[in-house]
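Paired with chain B in one complex and with chain C in the other, chain A is shared by the two complexes that follow.
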Partner chain A sequence: MNGQAVEFPKQALLTRLALSDSGFVFDPVTGNSFTVNTSGLSILRLLQKTEDWTDIIATLQADFEVSYSVAERDVLEFATALRSAFK
Partner chain B sequence: MKQTWVKPFLTPHRMGGMNKFGAVRAQNHQSDLDGVEIAPLLEKYGSPLFIVSEKTLRDNVRRLRRAFATRWPKVRHGWSYKTNYLAAICNVLHQEGSWAEVVSEFEYRKARANGVPGSRIIFNGPWKPNDILELAAQEGATIHLDHLDELYALEQVACKLGKQVPVGIRLNFDTGYTDSWSRFGFNLESGAAKDAVQRIAASPWLKLTGLHSHIGTFVLDVRAYAAQIRIMTDFMEQVERDTGCVIGYLDIGGGFASRNALQGMYLPPDQIVPSFEQYAEAICGTLMEATQGRVAAGKPLPTLILETGRAVVDDAEILVTTVVGGKRLPDGRRGAILDAGLNLLFTAFWYNHEVKPLRPLNGIAEETVLYGPLCMNIDVVRASIMLPPLNVGESLVIRPVGAYNNTQWMQFIQRRPAVVMVTQNGDVAVIRASEQLEDVSGLEQVPQALQVPFPQGLPA
Partner chain C sequence: MSRVITVAITGMNALPESPGPGLAVARCLREQYGDRVRIIGLGYDALDPGLYLSAFCDASHLIAYPLHGSDVLLERLSLIHQADPIDVLIPCLDAELPLMVLLAPRLAAIGIRTFLPTAEQLTRRAKDQLPELCELAEVHCPELRALTHPSFFHTCHSEGWEYPMVVKGVFYDAKVVYNAEEATTAFYKVAAEWGLPVLAQRFVAGEEYNLTAVGDGAGKLLGEVMMKKRALTSKGKAWAGISTLDENLSAAAGRLVAALNWRGPLEVEVMRDAQGEYHLIEINPRFPAWIYLSQGVGRNLPALLLELALGHPAPEFPPAVAGTFFVRYALETIVPLSTFENLMMAGTLDFEKQEGGRETREGMHPRPLLGKR
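Right, the complex of A and B next:
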C-alpha cells in the first residue's frame, strides 16, 4: 500500500482542530463539532503531526492490538470520513 | 498494555442530536434464544440462519385462544398457511388445536401431507382448480367461494359427487377503517353478495352455512373489527331471513398486527399494537350485542373463526446474519454488507426490523445502512439504524421475522439457508435444511446440444 495515494484533508485544516481526550472534536473556523472514538482520536492526533502512512500505521500498531491489514483498511476508510467532514 | 482496536469513526453533531432511541436500542444485544446460545448454532449450521422458538409459537397461539375463548363460547383458529407453511411450524399449531387455512391447491395438498384431514381445512383463495375443489368437497373441507365462476364450478362438482355441499362465501365491504379488499369475494354494497346467496339458495347442490371476510392485514384499530362484526351479523340475519338458511359460523379472517415496526410508523410497536385481549374485547363484545336475540329465536350462536397469521408467528422466529464487509458511504454514513438480504427478508420492504448485535459491541452508535448480499440496488435491510462500528464476522439478530419470510423468500442469487427450531425441551432441530446447488439445478434439464458451454474450445 502506497501511503502517498491516500488523500487526507489538508494538514492546516487538521491542525486547527481542538481535540479533547473525551473524543470531542471542535473546528473553530466552521464551528462544527464531532465525536470520535479512541482509535479515531489517535489517528487525528497523528495526522496533526505527520502524513507519513508507514508512521501512522506503525504507531497505531504500537498502541493498539491490531494487525497491519486491519489497521490499514480502517484508516483508509477513516480517510473517507475525514474528507467528507473537513472539506 | 495495548488497547483493543475499535474501528475509527467520527460523527458530526447535527441539530437535534443523535437518535437517542437508536443509541439505546443498539446497546442491547441478544446472544441466546430461549436459553440456547446462538453463536454455536451459527458454527454448526452456518450463517445466515433462521431460528424458531417453539415455546413462543405455542405461547402466542394459546394467548390468542384464551383471549377469545374467555369471551365467546365457540372459537376456532385456522392457521394461515401462507404466513409460514414450514411443516414443523404448522404441526406445532395443529397440535394446539388450530385448523389449516389454505388458499391454493399447493397449500391444500401441503396441509394433507402434514396429516391434516380435509374436514379440518378451511379453503380460501381466488383460484381453486377443479380437481382440488372436487377433493375438498369430497373430504368435507370448509370451502369459501370467491366468485361466481367458482360457485358454478362447485355446483357441478357437487352434482357429480351426488351430494349437497355446504359452502361459505367470502364477502368484501367497507368498514370505514381499512381499505376494502374488494378484489376478493362478493361485494356487499353492490348487491353481488346478496345475488350469490340467492343463487346458492336456489341450488339443490349447495347449502350456505357460513360467511367469511378478511378486512386487511396489520390492522391497528380494533374498531375496524367491531365494524366488520356488525356488518357481517347484519348480513347473516338478512340472508337467514331471505333464504331460510342457518349460518353456523362467521370467519373474520386475519389481520391482527404483530409487534413489528411498520415503516413510517412513529411510535414503537409496543405502544401501538393492540393486545389479543383488546382485539377480542372489540370483536366478542360486538358479537355478543349483535346476536342477543338469536338463542331466544332458536338459532345457534355462530362459531367465531379466526385466521390470525402474523400475530401468531412473527415474533417466534429470528434471522441471524453476519457482516461480510463494510464501507464508508460518500455522504458520511457507514454501510455494512450482510449475508442476508431481501432474498430472505421479504418483509424488509415494509418493516423496520429490530436489529441487535449477538454480543455487546464497543463504540458509539452511528448511523448505518444495512445492505444485503444481492447485487441489486434495492437490497437494503435497514435504510438507517444506529449501530456501533461493525467488524467483518460480527453477527446480528434480526427480528421478528416469522411471518411471510419463509414463504415469500426467493432463491435469487443466493441459496436459502437452514431453518432450525429451538424445541420446548431446549433441543435444536433442523426444520428445513440449507439449500444446495443440486436442489436448485436438479429440476433443470439441458438438451443434448446444450450440454457443453464451449464445444469449439474456450472463447478468447
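Right, the complex of A and C next:
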C-alpha cells in the first residue's frame, strides 16, 4: 500500500446499501443499482462493518486464499470503482 | 365505506409518451375498494383509452375542454351528475385545476365533493412563484426569470446566466437549451403552445427525483412516496422507476406543504445535486401518472384522498419502503364499434349496457386500507 490510505466513499453511504447474495446492490436513497462479483460483495460487506482496510485485506486473504498483494490490488481497484459509482 | 361510492376521475388520456394520471388513479381505487366504488371516467376526447377500460371504469363521459369556461364545464358535470350521481370528483390534469378549484363550491352545492387546494395555494405553487415559496420553506430552488421576449437569451451572460439553461412553459413543457439560438427557438415553441410568459430557469446538474403525497389542508404531508425514474419516454416521463427513501426529501416536501397549507394531491419534482442537496423544479397540483406505485408500496394515495374527501380520517400507512420497481407497458383493448359510436355521438358509455359488457375484474379483490401487504 506504500503507506497510502485507501479512499472509500463515506461509510454512512456504504452502510445504507442493500446487498443481495446474487451480487445485486441497491441504494435506497438514490434508487441506483449495480452489480458486483463475489470479491466485490465481500469487500462491500466488510466495508459496512469496518473502515480499516488492513482488516479488509486480511479477511479477503483468508476467505479467498490469495496472497496479500492480490488482495491489496483487489481492494484498491474496487475502491476506485466505488468512488466512481458514488461520485 | 358502507355503501357504493361513485367517484368521477379525469385525465383518462394514456398516450405512452405522456400518459394522464386518471387511469392509474382509477386502478388504485378499484384495487382498494373493488365493486364498493363506482368509477366514472371523464375525458376530453373519444380516443382517450381509459374511457374504454371497463375493468377500471363503470361508465365514461366526455366533458368540455377547460377553454370553454367554467359555466360550460359545470353544466356538463351537472348533467352527468343528474343521470349518474357523483359523490367525489378527482381532477387529474394541471390545465383543468384552476377551473375545478373555481367550481369546487358550486360542485359541493350540488353534492359533488372534491379535495382540492384553494386558488391562492394553487397560485403560490405556480412555476413562476417557486423562488418565493422556496425561500419560505427553506428549500433550494434554481433561479427563474419570467420572459415576454427572447432577447434575454442574447444578453443573459451580462446578468450572470450561463448555458445550459431550461426554457419552460407556465403549465407544461421544459427544454434544456445550450445556446441563444436553441433558447429562442424553444421560447417561440413554448409561447405558441402555452402562452406568455415563458420561463427561463438555471440548469441544475444532477438526478431527478419525484415525490407524491397528499396535503391535509392544515400543513401536514400525508403518505409520501418517492421515486427515481429508471427509464424515460421521449417526453421525459417515467417508463420505469423504483421507489426510494430519503428523509431529507421527505422533510423538504413537508416544509413546502406546510408553507402552502396544501390541500389535495401533489407531485414534487426535484433535482439532487452531487452533494445530495435537493433543488425544487416544480410542484404539480395533482397525482402523477406513476401513482400506481403508491399502491405497490402499500400507501394507496388515491384511496387516502377519497377517504379525506368523504370527511373520514386519514388512514394510517405502513412505513415507506425503497426498492419497489415498476415498468410500464402499452397494450391494445378491443372496442365494439357500437361502443365507440356511443362515446362519439352521445358522449357517454355505461358498460353495464354495452355490447360485450364489462371486462373481468378477477383478482381485483377489495383490500383493507390498513392491512399489511
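Convention: the second predicted complex is superposed on the first by the 84 of 87 C-alpha atoms of A that agree within 3 Å, B and C clash if a C-alpha of one lies under 4 Å from a C-alpha of the other, contacts with A are read in each partner's own complex, and residues count from 1 in each chain.
Note that in this section a residue touches a chain if its C-beta (ideal position, glycine included) is under 8 Å from a C-beta of that chain, and two chains touch if they have at least 3 such contacts.
Only a predicted model underlies this, so the values are computations on that prediction, with no experimental measurement involved.
By the touch criterion stated above, A:Ala18 is placed in contact with chain C alone, chain B being left untouched. Once chain A of one complex is fitted onto chain A of the other, the partner contacts of A:Ala81 are limited to chain B, with no touch recorded for chain C.
In the superposition on chain A, A:Phe64 contacts chain B only, with no contact to chain C.
After superposition on the shared chain, chain A has more residues touched by B, the comparison being chain B against chain C. In the superposition on chain A, A:Pro28 makes contact with chain C only, while chain B stays out of contact range.
In the overlay built on the shared chain, the residue A:Ile43 is in contact with chain B alone; chain C does not reach it.
Shared interface residues of chain A (contacting chain B in one complex, chain C in the other): 32-33.
Residues 18, 26, 28-33, 87 of chain A are the ones that touch chain C when the two sit in their complex. Of all residues in chain A, only 25, 32-40, 42-43, 60, 62-66, 70-71, 74-75, 77-78, 80-82, 84-85 touch chain B in the complex they form.
Those residues of chain C that touch chain A in the complex are listed here as 207, 209, 227-228, 230, 241-246, 272, 274, 322-323. The touching residues of chain B, when paired with chain A in their complex, are 2-13, 326-328, 330-332, 363-364, 389.
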